[in-house]
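Chain nomenclature is as follows: A, B and C, assigned in order of appearance, with residue numbering initiated at 1 for each chain independently.
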Amino acid sequence: MNTSLRMYERSARVYKGVWRGSVFSSFVNPFLYLIAMGMFLGSLVDEQTGGVAGVSYLEFLAPGLLAATAMQTGAGDSAWPVLAGIKWQRTYPAALASPLTTRDLVIGHLAWVATRVALVSVIYVLVAAALGAMPLIDGLLAVIPAVLTGLAFAGFVTWFSATLEDGIGLTNLFRFGIMPLFLFSGTFFEISQLPDWMEPIAYLTPLWHGVELTRSVALGTEPPFGLLVHASILIALIIIGAAMAVRQFRKRLYV
Amino acid sequence: MTTLLMRVIPLPLRSAQRAKYVFERNVMVYRRGWMVIFSGIFEPLFYLFSIGVGLGGYIGDVTGPGGELVSYTAFVAPALLASSAMNGAVFESTMNIFFKMKYQKTYDAMLSTPIGVPDIAVGEISWSLVRGALYAASFMIVMAGLGYVESWWGLLAVPAAVLIGFAFGAVGMACSTFMRSWQDFDYVTVVTLPLFLFSATFYPLSVYPPVVQQLTRFSPLYHSVELIRALTFGVFDWSLVGHIAVLIGMGALGTMVVGRRLHRLLLT
Amino acid sequence: MSDALVTAHDLTKRFGDFTAVDSIDFEVQQGEAFGFLGPNGAGKSSTMRMIGAVSPITSGSLSVLGLDPATQGPELRSRIGVVPQEDSLDVELTVAENLMIYGRYFGLARSVIRPRIEELLDFVQLNGKRDEKVDKLSGGMKRRLTIARSLINQPELLILDEPTTGLDPQARHVLWDRLYRLKQDGVTLIVTTHYMDEAEQLCDRLVVMDQAQIVAEGAPADLIVQHSTREVLEMRFPPGTQEENIAQLSGLAERMEILPDRVLLYTPDADATSTEAHARGIRPVAQVSRRSSLEDVFLKLTGRSLVE
């Protein structure tokens, strides 16, 4: 094995160690959060407030975690694997030697990500429903906005990964991008809890729209700006992200 | 009697005058990659502001270690300090040690010089301690700045965090000597994430049913969290001795295993 | 006691039930270049690691610089230099930093190491790469850096385990030249290799190792004289006809080795033998006449080729 591949492997593990561990943990980690924060910490929250946004804290958290997990899956699958495809394993340049185009590559990749997100989400909903954290049917419906959320991140992260030379940029993306979004975009608490000046910033984050949309579908409520607005924003983000990814692939791979 | 004693004292502590060069090597590497260390400081802060402040807004006050009510943020902050000491140490000791041992052959290079296995074990473990102390100190500064350190005893939380780093670092390093491939590292998060979430980190032990409360005592992170929490609130009782003993025991055991295993693996 | 720098007697190394080095004896004298020639798996590296005091001996005796590797490891290692078979450079550091930290491992002061770095980079011709990360170096450069690193403590004895394996011919020659200069400066060298040309070029004396044992010992030229003829005639026949041709070759040479793809005829005069074969009506598709080499010695002693 050459050094850069080793470095990559290590960095990949570094990132995975922090964020996803493995496929196993991309299925299991959300439940650990759901049980620890939703059930146990939730019991304290409910005691004090009688519930959040009109439901128990567990029911509030469950769809939020669904969207956040979708984000992590979408972003994770578009980070290291994409950089590896371009640089280390060079599967993308190899694919381009066939009649495939860069657009095919990006669309194929996003389709795979969508599948992964859908799979992770459905399993999550089934277990969450079994725990009484989500109604089953509405929960399954909420998989749709979750997949949109995952893809909104997948497009941009694919583009970002395709601009990089090494893994440090990705480590920083997760440390300073994905992680703060996970913690501050309405997954764990309504953004009205944030200091006033931070609220408008949350509106700008894609995850907040994903969380609101997923939560409103799961709980059967009306999201702050209306279903259509949030959905359109996510879809617009997917299209822009994918287009940027295609452009960057072209720039990077046809040299 | 002396020979028995020599057996009980972990091998590395006996002869490790050259450990400082192993440490120096890490300083040299990170002098350029300081950003990696620096950026690690933010993770616990993000959790503090999110769970502690944001989510804490719903909760208000909880029962603190002394039995009196304390703000949720002040309650969670010491736990985050303990958790980040654990995460930092485990991370550094498993991933990096494995990489250096299996791929980069750093230790093989060191061992072809006068440096010996005890130097390596002591050097690496002290490096992860210093790193942990750095994290702990910066987190403490933020905590104190926000007024979440209720007692001057809170200053002791920094050495306590170093002890936590030692305990987890030594055990983590011991585990990494048993790892065969990168796949095995997936088990690391399988252990650390549940510890992070369920060790009375985010809520008092009392929310658990009694059986689970007893089970939690088996979590080394639980002892770490309780130790730092007690210190930041300045609440002392005999249970502290127990927490400290658990951590020292872990560290000593880990160090001993590391010495033995490195001998087996590197000096064949 | 002899004044040998390294003395091994009945030296044995076992990994579990497997014997990697089987009671070998050898002596390395002050100032010479001593070689271990043998195919992969012969036990060369195992022997080097024992000499380098990083691998405990199983039985027998071993003394290096008059020290016992088992009890005086650190002192011994502080006086030798080691170029391991696999590069163990610190890829997270630059070229110069690699030398600096390695010098520190020996407990040398920075002020002592600094001028040595410049000298050594000069010596291995890497001055231009001073602040380059090790990743960016080619295989030959890495090998040179490893050699520079092994010299940072000004060792009395330098152990090189396959210093040129995997390098292109040019890089090999640069390395050979550097090693030759070290020898001129009085450094004792122990070199392992599975290249006979390398052994012939570098070594004053060598042992041939095969399957954990030493099968021959001496100066390269002496070994050839002892175990082979002066010249060799190699003949290659059209596929499928080697058998019938061999029958006709009998009596032409002192000795004959039959390899799957060609026949080697050991003879004092290859041209004369060739003429004679021609007269017998033998028509090889290709033939080469050459001087005998260590490869031939090895082939004779073991019945196998050295490489592959």
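As a working rule, a contact is a pair of C-beta atoms (placed from the backbone, for glycine too) under 8 Å apart; a residue touches a chain by one contact, two chains touch by 3 or more.
Quick caveat: nothing in here was measured; it's all calculated off a predicted structure.
Ranked by separation of Cα centres from chain A, the top chain is C.
Every chain gets a centre from its CA atoms, and the centre nearest the mean of all protein CA atoms is that of B. With centres defined as mean CA coordinates, chain C is found 56 Å away from chain A.
Between chain A and chain B the centroid-to-centroid distance comes to 29 Å (mean Cα coordinates, whole Å). With centres set at the average Cα position, the gap from chain B to chain C is 47 Å. Shared interface positions of chain C, defined as residues touching 2 or more other chains, are 91. For chain B, the set of residues that touch two or more other chains comprises 104. Interface residues of chain C, counted against chain B in their complex, comprise 15, 52, 54-56, 73-75, 77-78, 82, 84, 86-93, 97, 100-102, 104-107, 153.
Every residue of chain A that touches chain B in the complex is listed here, in rising order: 1, 6, 9-10, 13-14, 16-18, 21-22, 24-25, 28-29, 32-33, 35-37, 40-41, 43-45, 48-49, 52, 57, 168, 171-172, 175-176, 179-180, 183-184, 188-189, 193-194. Note for the complex: chain B touches chain A at residues 36, 39-40, 42-43, 46-47, 49-51, 53-55, 57-60, 62, 91, 94-95, 99, 103-104, 182-183, 185-186, 188-190, 193-194, 197-198, 202-203, 207-208.
Across the complex, chain B meets chain C through its residues 18, 21, 24-25, 28-29, 33, 104-106, 108-116, 266-268.
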